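See below for the structure under consideration.
Chain IDs A, B, C, D, E, F, G and H follow the sequence of writing; residue 1 opens each chain.
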Amino acid sequence: MKKPEAAFFSRVLMMGNEAAAEGAIRAGCQCYFGYPITPQNELTAYMAKHMPERGRVFIQAESEVAAISMVFGASVAGARAMTSSSSPGISLKQEGISYMAGCQLPAVIINVQRGGPGLGSIDPSQGDYFQATKGGGHGDYHIIVLAPASAQEMHDMTMQAFILADQYRIPVMILADGRVGQMMEPVRLYEDSPPPAPPKPWALTGAKGRPPQYIRSLFMEERALEKHNYELQACYRQITATEIKAEETETGDCEWLIAAWGTCARISKGVVQKARAQGIKAGLVRPITLWPFPHERLARLARRSQVKALLVVEMNCGQMLEDVRLAVNGAAPVRFSGYPGGRVPTETDVLNALIELTKTNHHGKVEQPAV
Amino acid sequence: MKTPTSGYQRPASLTDAAMHYCAGCGHSSVHKLLAEVLDELEIRERTVGVAPVGCAVFAYFYFKCDISEAAHGRAAAVATGIKRALPDRIVFSYQGDGDLAAIGLTETVHAANRGEPITVIFINNTVYGMTGGQMAPTTLAGQITATSPTGRNPATMGCPIRMCELLNTLEQPYYIERVALDGHGGMVATKKALLTAFQTQVSGKGYSFVEVLSPCPTHFRCSPQDSLKFVGQKMAAQFPVRIFRKEGVPVHA
Amino acid sequence: MHERILIAGSGGQGVISIGKLLARLAAETIQHITFFPAYGAEVRGGTSNCQVILSSNEIAAPIAEKFDSLLVMNQQSTDHFMPLLDKNGLAVINQSMCKAHADDRHVLVPATEIADRLGNAKAANFVMLGVWLARKPLIPNRTVENAMATHFPDAPPALIDINIRAFRAGLDFSSSGDRKA
Amino acid sequence: MKKHFRVAIDRERCKGCELCIPVCPLHLLAMSTTMNRKGYHVSETVRAAECLGCIKCARMCPEAAIEILNVP
Amino acid sequence: MKKPEAAFFSRVLMMGNEAAAEGAIRAGCQCYFGYPITPQNELTAYMAKHMPERGRVFIQAESEVAAISMVFGASVAGARAMTSSSSPGISLKQEGISYMAGCQLPAVIINVQRGGPGLGSIDPSQGDYFQATKGGGHGDYHIIVLAPASAQEMHDMTMQAFILADQYRIPVMILADGRVGQMMEPVRLYEDSPPPAPPKPWALTGAKGRPPQYIRSLFMEERALEKHNYELQACYRQITATEIKAEETETGDCEWLIAAWGTCARISKGVVQKARAQGIKAGLVRPITLWPFPHERLARLARRSQVKALLVVEMNCGQMLEDVRLAVNGAAPVRFSGYPGGRVPTETDVLNALIELTKTNHHGKVEQPAV
Amino acid sequence: MKTPTSGYQRPASLTDAAMHYCAGCGHSSVHKLLAEVLDELEIRERTVGVAPVGCAVFAYFYFKCDISEAAHGRAAAVATGIKRALPDRIVFSYQGDGDLAAIGLTETVHAANRGEPITVIFINNTVYGMTGGQMAPTTLAGQITATSPTGRNPATMGCPIRMCELLNTLEQPYYIERVALDGHGGMVATKKALLTAFQTQVSGKGYSFVEVLSPCPTHFRCSPQDSLKFVGQKMAAQFPVRIFRKEGVPVHA
Amino acid sequence: MKKHFRVAIDRERCKGCELCIPVCPLHLLAMSTTMNRKGYHVSETVRAAECLGCIKCARMCPEAAIEILNVP
Amino acid sequence: MHERILIAGSGGQGVISIGKLLARLAAETIQHITFFPAYGAEVRGGTSNCQVILSSNEIAAPIAEKFDSLLVMNQQSTDHFMPLLDKNGLAVINQSMCKAHADDRHVLVPATEIADRLGNAKAANFVMLGVWLARKPLIPNRTVENAMATHFPDAPPALIDINIRAFRAGLDFSSSGDRKA
C-alpha cells in the first residue's frame, strides 16, 4: 500500500467521518451511495459536497437497502464504490452484503457504530462486532473487517480498504464507532493520487470484444454452490494467511494482557501506562483486522509463562471476547470488562477492572463474561 | 427494422441455451423481443442487464450481453449503480411484479423519480411465478393463488397495483407504456414499446418503463392460448393498455 | 502542556461551534488535539457538549475524566459538569442561565445578557470564549477574530460582527476583573 | 416474382405451446403426434410450400423456435 | 409445556413446513405475516388457508422487512405473532429482530435455511447458525434459537417457541433447514387448545383505565441504554440457566463424540449406530437450543477421560464449531466435517470423516476447521 | 367542537412534558391539533399510535395515549400489525417525509393499497430534520440541504415526490388530503383534516392519509414566521393543497 | 352580556417563536424583553383586558402554551 | 421392512405427485415414513425427484444412499440415478423417454406412450406407479385407486379417470410380463 513521504496537506483537523470520506476520495472511490444516520452524517455530507465537485457519483439513496444495492451495481460495473451507515442501517444491508460476498464483489462499507439493540442511542458503541465478523447476513462468508481508533486511521484504513477489496474481490468493512467517527483530530492526508485498481476482467462493462459474462450468486447446477463455497473459503484462507494485523504495546514482559480494539484499545493504551506506573506489568494487544482475527498472535502471547490473565475490554457485552477465548483456548484465564449501551469507559474504569483482575485468584479456569 | 418479406431469424442476441420457462410463458416471448431490439439497435455489446429474482433469474443464460443478478427487488438500484458508473452503457433491468411492485417498490419508484436513464422492463403476470404462484401486488380481485386460496379479497389484501399509473405521478420519467402479450398484435406492440424504451435510453433522454401484461400459463392454470385471453381480457380490463408518458409529458387516457 | 476543556450548554447555544473553532485554531500551533462533540437527541434545545484536549504529547485515551477548563452555559450543564472540574481547574459559567457560587475557580459572566445587549443572545458562546481565553491565553486573540469569517463562511457579516464584539466583550469582562457582574 | 419461404421449426426448442398454430393465415401449422426429447408434442408444418413469409408464426413463437427463411 | 396424552389426530403425514404452521395455529398464533420464499412456501400457503378460516390474521406482506414490522406491531398489541422465511429473507429481517429484542417483544420467527451466501440455492443448509445465535442484527442481544430435526419437532418446537417467547418477552427463532422443512413425515399433532398466554400488562391496547404507556428501544437519557442492556443481559442469564436443551446418544462410554444439530444430528445418529457396529465407540451430542448453547454439557462430556476427540458435523463451513470449541476450551481436540452450499451429507460421508478422525494422531492440539 | 367563545384549553391528550421540538416547528403544532382531535372524538383511551424515526420519535412523551416506536420507515407496517391484532382500536402512524416517502415508501403504499383502516399522518417538511437537514424525497428543486449543498438538482436527485398524488392512484384509500401549516388558516385546515381522518377510522370506513406541509425553521434556516411563508408559498406551489380522495372516490383538481 | 377572557401564557412552555403575535386581531401580544429559564424571549400580553376570546393566538401556538379562559 | 424408493423425472412429469401419494397411502399401515422432494429451479421442465423411505424401524438419517426401488421417467434421471440402485434393487424405467438396457433389475415400460394413448401423456407417472406396485405390493391396489379423487381434489373427474386407467395399465403391463414392450 502506497504511503507517500510527502503528504499533500501536512495536517488538517478533521472529524473521523470526514477523514474517512477524504480517504475514500483519495483512494479513487468513484461512486458513493449513502443514507443519513447519526453518528456518520458528516461522512455522507462530505461526500455530497466533494464527490460531485470531482465529477464523481454521489447519490443519497432512498434507504440503506437501496444504497448497498447501488454499491453492488457500481461494483458490478468495475467501479470503486462505497457506502456508510451506522448500526441499524448496517443491519438493513446484511442481505446485500451476503450477495456481494457471494458474487465476489469488492466494495467498502463503513459502520460508525452506535448503541443498540434497536434504535438504541446515538452514542458510540462496539456492539456490532459479531455482526461484522461472524456474518450478519446469511450463508458462509466473510468480509474483511478493519477497526480504526483515530481520525488518522479512519483516513488510512479507508484507503487501504479499497485496495484490499479489489485485491481479493471482497467487501471490506471499516468497523468504527461514534467516538472515532465524531472526534476531530489532526490528520495527515495522503497524496491525492489514487492507487491503481487492478484489472477487473470480471466486471460487466458490455460484451464488446469478448464473450458476454454475468455475475451471480445463484448456483443451481448440481454441487456448483458447494464448489463455489470452497472457492470462497480458499480466498478466506489466503486473506487469513497474509492480511492479519495487530498492534502490541508493552507486551514483552507483561503479566496482565489487555485485548481491545478501536476506541477501547486507545483507552487501554493509556491504562497500560498508568498501570505500569503503579507497578502492574500490563500490556496491550490490539487486533486491527477483526476479520481475519489474529488468533495465532493471541495464542502465542497467552501461552507465555509470565502471562497471568487476559482482560478483554469492549464497548459491548462480550463479543471479541469469544475470538480471544477461541485463540487462547484455555491457555490462560480470560476476563471481560464491558461497556454496553453507548457508554465509553474512562481510563479509570479500565484500570480498576485491571487492578481487580490482578487481585483475583486464577487457577487456569476461564471465566465466563461477567456482564 | 426487418420487413416481413425478409423472413425471420432467431435473434443474434439470444444464446443457444433452451429457456427454462414453461410452454407459452411470457418471459420467453419478451426475451425474444428484447433480443431483437438489442440486435436492431446494435447495442448488445454495450448493454448491461440486471436480472431479477423471479422466474427470469437465469436471464443471463439466454442473452448474449452482460447481465448481473440483483437481490430480490433491488434491480432498479443495481441498474442505477451500473448506469452511474458507466453512463455510456445501455442498462436495463428486467423484473417481475413481485420483484418490482412488492419488495422492490421503493427502489422502483425512486429510480424513476431520479429519472435514471435506464430501461425498466416490468413483467406483470399477476403472480409470483418462481415460488409457486403466490399472490402478487398485481393479482386480480378474486384471483385464486397459493396465498389467496379463496381468491384475492380487495378488502383485506388490496387491489391490484397499477404501476404505470403510479409512476406517472412522478415528474422525471420520460417514457412509460403498458402493453399486453395477448396474441400476435400484442407481440408487435410489445416489440415496439421495447424499441421505444431502448431508443429513449440510446438517445440519452431519460428513464423508460415498459409494463408487459404477460401470460403465466402454469399459474393461470390454463393453456397458453387461454392465457393470452386472460391477459387480453381480464388483465387488460384492470390494467389499461396505453402510453402513459411520452417524451417526458404525461398522456391522459 | 495538557489542557482538557469541556464546553457545555443547551443545543442552539453554539457550544459545539466554539469548541470546534478552538480546536481548529489550536491545531495551528499545538501538536496533539482531540475534539469530541456530544449532542442530545434534540436539534435545538436539549443538552450538548464538547470536549477539547490540547496536548504536547500523544493523546492515548481521547476521553478526559477531569477537566482543566469548563465553559458551562446553562443550569443543567453546570450541575452536571462542575463535579468534573479538576481541583486546579477554571470554570467559566454563564450566569444569565444558571446559579453558581463564585469562588477562585469560577468566573461568573452574564454572557447571554451581554450578547443580548449586543444584539443577539446567541452570541453568548463567544462571550464565554473571550472570558476563557483571557485567562488561558493558549491562542492569540487576533487569531480568533481573524478566523471568524473563514470558519463560519455561511454566517452573514452582521452576525460575524456581533460574534466578534461578543468575543471582545468577553475578553474585556475578564480583564475588568468583575466576577460578580 | 413470387418469393418462396421455408419454415424451419426447431423441434427441440419447441415446447408445444401451440401459439403459432392459430396465427398462420393459411393454417400451415399443426401439432405433431410425435414428441421431442423433452416430451413435448411439437409444432410442424403442413403444406409448407404455401408459406407466405408473413412471419406471424415466428413472431408469435415464445421460444424463437421458428425461423422463416427465404428460398431463392 | 402442555403435551397432551391424547393427540387430536393420531398421525398425519405432513411436511415439516406444514407441521410448523399447524403447530403455530395450535399454539394460538393470532397473526401471521409472511413473504414467499423457497423452501418455506408451504408454511406460508398453509397459513394463508388456515388462519383466515379460523378468523385469525394472515397477511402476505409486501416484503420480509414489512412482515417483521407487522409482527412487531401485532406483538406490541399483545398478540401471538409469527413470521417465516428462508436465509435471504431472514437477513432482511435483522434490523427488525434487533428492534424486537431491544423492545423486549415476543414473537416467533422461522428460518428454513437454504444454501448461501447471496441467492445461493434452494437446497438445505445450516449456513445461518452465526446469524441466528451471535446476532445478525446490530447491538448486544440474543434470541432463543431452537433447532428441529424432524417434522414432529417442527410442530412441537413451534408451539414451544410461542410459550418461551411470551415467558421471556423475547423473539424465538426456529432454525430449520430445507430438508426438515420439505420432508414429509408422520406427525402427532397436539390437541387444539392453545396454551394460555401470560398476562401482558406491557402491551399497547389503549390507555383505558391505566396510564398511557409506550414501547421503545431508544434510550437517550444518560446511561439509560446501558441500564437497559444490563436488564436484557440479566434476562439472557436467566434463560441460559433454565432453558438449555440437548440430547445425547450413546455418550456413556463414547470415545469419539460427534456434535451436530438439526438434520446433521439426525444423520449422525445413524452414523453412531454404524460406527459402533464397526467397533468405533461413537456418541452424539445434539444441541437442541442453539442459543442458549449447552456449553457446560459439552465441556463436561469433552473432559471425560475416555473422550479422544470431537467431530462437529454441520451443513456449513464451521459455525457451531466455534461454540463447541469455546465449550471444550482445549480439553479435547475438535475436528470439523462440513458440507456447505446446500449439500446434505450421507451417513457414509460422516462415517468416513469419523473413521479418519480415529486414525489421526491427537496430541491435544485443536485443529482449525479444515474446510 | 369547542366554539371560539368558550376559550381554549391545553388539550387533555397532551402530557405536561415540554416538547423538544425547535421553536415554530410544525411537529409541535400537529401534536397539539392531534391531541385536540383525540379529545374531541373521545378516543384517547382506545388509541394506539406509532411514532416514526425522525424528530417526532419521542412522540410517546407528549401524548396521553399508548404509542409504539417503529423502525425507520416501518410505521405503516407496524400500525397494520397493531390494527389487525386489535381491530376495534384507533391506530395511527405519524411519520416524516424521510420515514414515509424514502425508506418506508413500500410499507406506506402497500398499507394504503390494502386499505388498512388506519390513519397516517405525514409531516412533509422537505428535509430530514432529526439527522441534521439532509435532502428528503420532498425537498424542493434547488433547495439547499446538507446532502444537496448546491441545491437539489432534479436531473440527478429527482423531483419532490408528491405522496398524495401517488397514493391516489390506488383504489382502496378512503380519504386523502393535503394541508399546509402556513398560518392560522392552515392550523384550522389541518385540524379539520385530522378530524376527518380519525372520523373515517372511527366509523370504520377505511384508510385515511393526511399530508401536512410543515415548517422546519431550523433547516429552512429562517424564522418561524418566514417558515410559514416558505410552506404557504414555495411548498404549496409544488404540493397542491387539496382533497384527493373523499369517501373513497378520487377528487380531481 | 359581553364575555371577558383571560389570556394565560405558560412562560416556560413558550419558545418565543412569535407565531402568536401577528394573528391577534387586536395586537394584544408582544415579545417580552425577558427570557424564560430555557433562554427564550417569551410572548406576553399587552392590554390583556381587551381580549376577544377569538383564540386565534391559542390556535396558532405550536406549544399549546396559550390558554384562553373565560372570566365570568 | 425398509424400502428406499426414488422417483425422478422432469418437472411436470408428476414425480412429486406420485411420491407424495405413495407416502400418504403407506402412512396408513407403515409406521415410519419420510418423503423428500427435490425440485430444480424450473417450475416446469428441468429435473425433479423425490425420495420415499418406508420402514418398520425409526428412520435416523432421512437420506438414502442406495435405493431398493427406482422409478425414472426421463433420460437425465436415468443416467443420474441408476448408479444408486441397490444391487438387489428394482428399477422401473420410462422407456418412452430414455434408453436403458433391460436386465433383471430393470423394467422398461413405455409409460408416456401408454398414457398418451389413454389420452394424456402426463399420466405416465401413474403407469410407472402401477408397474412398480405390481412388483412391490406394499400398498393394496384398491387403496391407490380409491385415493385418487381425495388426494387430487382439484383434478377434474376426467383426469382422475385417465390416471386410474393409466395406473391399471401399469399394473397390467407388469403382470403381462412384457418387459420389452
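Quick notes
FYI, a residue touches a chain if its C-beta (ideal position, glycine included) is under 8 Å from a C-beta of that chain, and two chains touch if they have at least 3 such contacts.
Nothing here was measured: the structure is a model prediction, and the numbers come from that model.
Contacts with chain B and chain F are shared by A, E. Counting hops only between chains that touch, chain A reaches chain D in a minimum of 2. Comparing the chain pairs E-F and C-G, the larger number of C-beta pairs in contact belongs to E-F.
Remark: chain A and chain C have CA centroids separated by 35 Å (rounded to whole angstrom). In terms of their C-alpha centroids, the spacing between chain C and chain E amounts to 54 Å.
Distance between chain centres (mean CA atoms), chain B to chain H: 39 Å.
Across the assembly, chain D contributes 15 as residues in contact with two or more other chains.
Multi-chain contact residues of chain H, defined as those touching 2 or more other chains: 41, 45. Annotation for chain A: residues 38, 59, 62-63, 65, 88, 95, 99, 103, 118-119, 122-123, 216-218, 220 touch two or more other chains.
The touching residues of chain B, counted against chain F in their complex, run 102-106, 109-110, 113-115, 137, 154-159, 161-162, 165-166, 168-172.
Residues 10, 13, 45, 74-75, 96-97, 112, 116, 121 of chain H are the ones touching chain D in the complex.
Interface of chain A with chain B (complex): residues 30-31, 33, 57, 59, 61-63, 65-67, 69-79, 81, 95-96, 99, 103, 204-209, 212-218.
For chain B in complex with chain A, the touching residues are 15, 44-48, 50-51, 57-58, 60, 63-71, 74, 77-86, 89, 106-107, 109-110, 114.
Listing the residues of chain F that touch chain A in their complex gives 53, 57, 69, 71-73, 98, 102-103, 105, 128, 130-132, 134-135, 137, 146-150, 156-157.
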